[in-house]
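Below is one structure. I have some questions about it.
Note that the chains are named A, B, C and D in the order they appear, and that numbering of residues resets to 1 at the start of each chain.
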Amino acid sequence: MNGSTSEYLPMLIQSVFALGFVAMVLIITHLIGPSRKSAKKLENFECGVEAKGNARLPFSVKYFLTAILFVLFDVEVIFFYPWATNFKEFGMDGLLSMALFVALFLLGFLYLRKKQAFKWE
Amino acid sequence: MEKFAWLIPALPLIGFLFSIFFGKKVSKTVVASVASIFVLIPFILTVAIFIPFISVAEAEAIRIPLLEWINIGKLTVNYSIQLDQLSLMMMLVITGVGFLIHVYSAGYMHDDDGFHRFFAYLNLFIFFMLVLVMGSNFLMLFIGWEGVGLCSYLLIGFWYKNMDYNKAANKAFIMNRIGDLGLLLGIFLIYLRFSSFEYSRIAYEAIDIAIGDPIITTITILLFIGAIGKSAQLPLFTWLPDAMAGPTPVSALIHAATMVTAGVYLIIRTNILFTLAPFTQEIIMFVGLATALFAATIGLKQNDIKKVLAYSTVSQLGYMFFALGLGAYTAAYFHLFTHAFFKALLFLGSGSVIHAMSGEQDLRKMGGLKKALPITHATFLIGTIAIAGLPPLAGFFSKDQILASAFAHHPVLWIMGVLGALMTAFYMFRLYYLAFHGSFRGTHEQEHHLHESPKTMTFPLVILAVMSVIAGFVNVPEVLGGGHWLDNFFTPLLAGTTLILEENVHAHLSHTVEYILMGSSVLAVLAVIFYARIRYKNNGHVPAEDSEPMSFLERLLSKKYYVDELYDSIVSNPVVKGAGLLYNYIEVNFIDRIVNGVGQLVVLSSRTARFMQTGNVGFYIFAMVIGALVILAANTFLH
Amino acid sequence: MTTLIFLSLLGFLVLFIGAFDYKKLILPTVIIGLIVAFFLNAMDWELTATSFYGMIDYNHYAVSFTGLMIVSVLLLMLVASYHFRNEGSHIADIYALMIFTLIGGLLMTSFSNLVMLFIGIEILSIALYILAGSRRLNIASNEASLKYFLMGAFASGFLLFGITLIFGVTNSFNLAEISDFVADTEELPTLFSTGVMLILIGFAFKIGAVPFHFWTPDVYQGAPTFITAFMATVVKTAGIAAFYRLFDSCFSGIDGTWFKILWIICVATILLGNITAVMQNESKRMLAWSSVSHAGYLLIPILALNELSSSAIFYYSAAYSIASITAFAVLIGLSKFQNDLPLDQYKGLAKNNPIMTTALVVSMFSLAGIPPLAGFFGKYFVFLTAMQSGLIYVVVIAIIGSLIGIYYYFKPLIYAFNNEGGSLEKIETNFAFNFVLMAGIVLSLLLGIFPDILRNLPG
Amino acid sequence: MENITQFTGALTINHYLFLSSVLFSIGVMGVLLRRNFIIIFMCVELMLNAVNILLAAFSRYNGNQSGQVFVFFIMVVAAAEVAVGLAILVMIFRNIRTTDINALKNLKW
């Protein structure tokens, strides 16, 4: 073990401890904890408001739609990154290209608006 | 005149389009006349080209390029026409006999719903057949080849409401495709060997090739497989008798006179290649002879008038191939030429009989039709004599030439050939006497209905009968004072073959031998005809019903015709039995089974393969992963 | 190159026309747009330089295939006007998605960089996943969409992994550079050939070759008929064009393992496609299996990889696309929006519908490869290409396959000419629909009689 | 910081290759073994991300930036695929009320 890796030894030890602790707690609670089996135990929530019906309720697509739209627009931001790091070298051309890129986004956004994807009701 | 040659195939095509698009709107007379005229004009054009052509000795082939078709670097293929001895002779037969059959069909199909469809198909057939023989390269030949196959399929299944007919059509189509596989591969190999599809180019280059070259042998075998399928030779012949499901004019035109001879045409066209492959020629000779005899024996026992003619066609085609195998290309063509007339005549005659009998095809239900159908009777008799090979009718000369070549090759071959000829004579006269002599055996209604066919039907019969008498004179042998006109005419066509063999292709027998051969075969045929006459006319013998097999033996015994008895028990019965055996066991059980078996194998594997498609995505992905793993493993370990 | 930009804008335009609900404008815009795109594409014929910083090489090959795809889409759009005559407002979205698919296809035929290949395939595929499921309430359409999506995404993973490995070995995504690398390197590492295999798997999936064909029949059957036609023609053409472009320019020089594997794939595809189609009773499923077998035939020129290959692939794709569009158009005319289309649906068609029957006959004959129709010459050129490279066994097997093919291609015809139990009424059609049928008939015949019109295009 | 670079420098390209192959295989196995659409979907994403790691590693190893740019493209495409995939899932869930991929097998034979 040479000098450079030895510096990571504390990190390794810490990781081992962390993992070990988790494992240990899990095992010990399993072993020493009292275990009662009842219908109540199997419910989703042991306390609080009583859960009723099937968990697989039809969920409102609106949440889903919004989330997906967010992801889509969000991911495109990646392309800003290489542009931003080379902003100066790209110069005006780069800026225009990016403007076009953003404009296309805007078109997408407008389309969604027109299709009323953002209306909650 | 040659510059109008393109019209020859174009006109039937126009006729086809006319019948398809306007056939329903105009009267039947118009459809029939248009269709017939669009075959008649090509015939006239062909004659007009042919006459100046024969006046020149050893005329060069005329090639007329029409359009550039495919052009890939070194390969150029044109739509071009080749007019030479062979194609012109073929065109004469196709347009001439074709025209007569069109005229005949106008009467025969008169009451059919599909009248215009029928003429459309006929015209289309003529078109493709002309493309087949007129093309100057293998690609055009192939297009024509496939096209006539298609028309044959359409016309066999013409009465498509009957499922059996559809089956017959499918059988014909599938068997033909097996042959086509061979032909296509042969054409590809030709391209690989010669870098061209043009006949002229191939003939030019082939002269320098050594006899027995393995590639040439392979090519010729493949081409021969194609010919086997199209020309119904062993083992792919069973579709032809089944093909009789189509209307009778179709049987006459396609399944007797023209399409089935395409295989013969193909081999004559490429005679130089076949001359270079003696091995293939041996095969062709044996296949041809075997087919000729095999089909003839089956013909002895058939009771359906068209089936007899169908087996007879197979048998005669066998003769042609026999001649091809012997290297007697002219003799093969000669027989093709005469056969086209008398077999078309016989088929059309049988059509006339069937017409008169209100659709009855069973010989046992006919008899004594001589009085009711005088013209049909007379012409049919001429056809029968012609096919039996009695001089001076057409069949005699052509068959004689084949037999002479066979004798020159080996006397045993001659004996076999004569045997086939005798059987032919027997079953044809059996057919003739059963149908036209004796007393009428059909129902009362049928008897009442008996009538001679209309003029449109008898006119072609008469013309064909005349041709059956005189067609043989195109190649009268020297020994009978003739000049071998056809042999001389074909000399340029066979120039390559002659050059390679460095001797004349047709047989050289001394005149005495030829006289003896001719005389003995004619006498034997006469004897057989006489026997058939006694058996079926004088004694009124009628083949037993299917339901009581072999009981006729007892009946015969009680009649005490000792000669008959003797003949039956010693010669005829074994032959008849053998024929039945061949038909029932070899054809029905064996050949049909193989063909059907292939079909069933496909169906079975199709059923099995279908169930791999479980509909379960999990399984699909699993299969994909397995596939990917196999590929990756192969990639790692196959290095 | 202008075509690419123009088509993208056209896609957006159609989306917005749909969003603003100008229903009457949609179809004319699409049709005119596609015609303009076709001419823009044709004008790029002389263009030889690469564009977009060397990402795209718009050579003759690309222009020819793009032209073919635009024409196919154009014909399909005309059919669509008949197919969707009673449909609601989301037609614009479908049209736009089809245009986006076309853009994907365009990239796939003109890429000169593996990144572009991947993006092209994904643009094409993602739009198709949606199109396959475009009938939201139809379970079959859902199922088709699900199956296609799952397997498609899965196959993309393989393709991508392959591309990555190639990049790792050659240090480039550029086709020319990869090709140089292959030429300069004595012994290529296993990693490289593994990459080639993975790409091969990805492509085999896209064109539906055995053993990655499982999605084809199910998806073809489940998707709306019109989309099936689109998948069978444009998508298959794009897939095979990309496949050939990549293998021809990069991997032709590498050793024979991929050849052996592709040989087996090709032969298996031809046989399995044809054999399984024999027992199918559902029209779309039968055509799906037929399309599997055609993928097999299209692989032959890639196997042969000689100077005739590109023209053989192009001619075959054109012949196959035209025949398929015609066949599917007839099917669309017959189906009244139902999903299940048993073969006996054709029963009695012939009597009252001459144009549709002729179209059916021509398309089936062309697919079966009967001369003198385009399909025959497609097969013929493919076989010729194979013979040139000495692949005699492949040709024999392919011919046997096409013999089997005749059996099932004739089935609809036998039904169509069978009048037992009454014949079909005259089916009401519109001008655009008849136009497509006539165009299909004429083109199939024309290409068959003058095959040289298209043959020498891709060069 | 220097040491970390040194440490990672000690990892050869083979390590990355191995890692991403394993991840890719886990993804494949997941797709193969699971029946829940969403989980299968995540496994497909895992496959793509395995490729991303490898691309980044190759890019660094070869000193060629284009690999990293390709990663961006893959991420965007993956996001689009997610959107479409989830939309398909919702569509199917609404119709048949399950996310089991094998529930739908009407199209077969």
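As a convention for this text, contacts are C-beta pairs under 8 Å (C-beta built on N, C-alpha and C of every residue); 3 or more make two chains touch, one makes a residue touch a chain.
Computed from a prediction, not measured in an experiment: that's the story for all the values here.
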Pair of chains joined by more contacts [C-beta pairs], A-C or A-D: A-D
Geometric centre distance via CA averages, chain D-chain A, whole Å: 15
Centre distance in Å when chain A and chain C are each reduced to the mean of their C-alpha atoms: 39
Rounded Å distance between chain C and chain D, as computed from the means of their C-alpha atoms: 28
Gap in Å, rounded to a whole number, between the CA centres of chain B and chain A: 79
Per-residue multi-chain contacts in chain D, two or more chains: 28, 31, 69, 80, 87, 101, 104-108
Contacts with 2+ other chains: residues of chain B: 610, 613, 615, 617, 621
Which chain pairs touch, all of them: A-C, A-D, B-C, B-D, C-D
Touch list for chain B against partner chain C, complex: 67-73, 142-143, 146-147, 150, 160-161, 166, 170, 173-174, 177-178, 181, 184-185, 188, 191-192, 602-603, 605-607, 609-610, 613, 615, 617, 619-621, 623-624, 626-628, 631-632, 634-636, 638-639
In the complex, chain C residues that touch chain D: 115, 118-119, 122, 126, 129-130, 133, 136-137, 139-140, 142-147, 149-150, 153-154, 156-157, 160-161, 164-165, 167-168, 171-173, 191, 217-219, 221-222
Interfacial residue positions of chain D with respect to chain B in the complex: 28, 31-32, 35, 101-102, 104-109
Chain A residues within the chain D interface of the complex: 4-5, 7-8, 56, 58, 61, 64, 68, 71-72, 75-76, 78-79, 81-82
Parts of chain D lying in touch with chain A, wherever the complex brings them together: 3, 6-7, 69, 72, 75-76, 79-80, 82-83, 86-87, 90, 94, 97
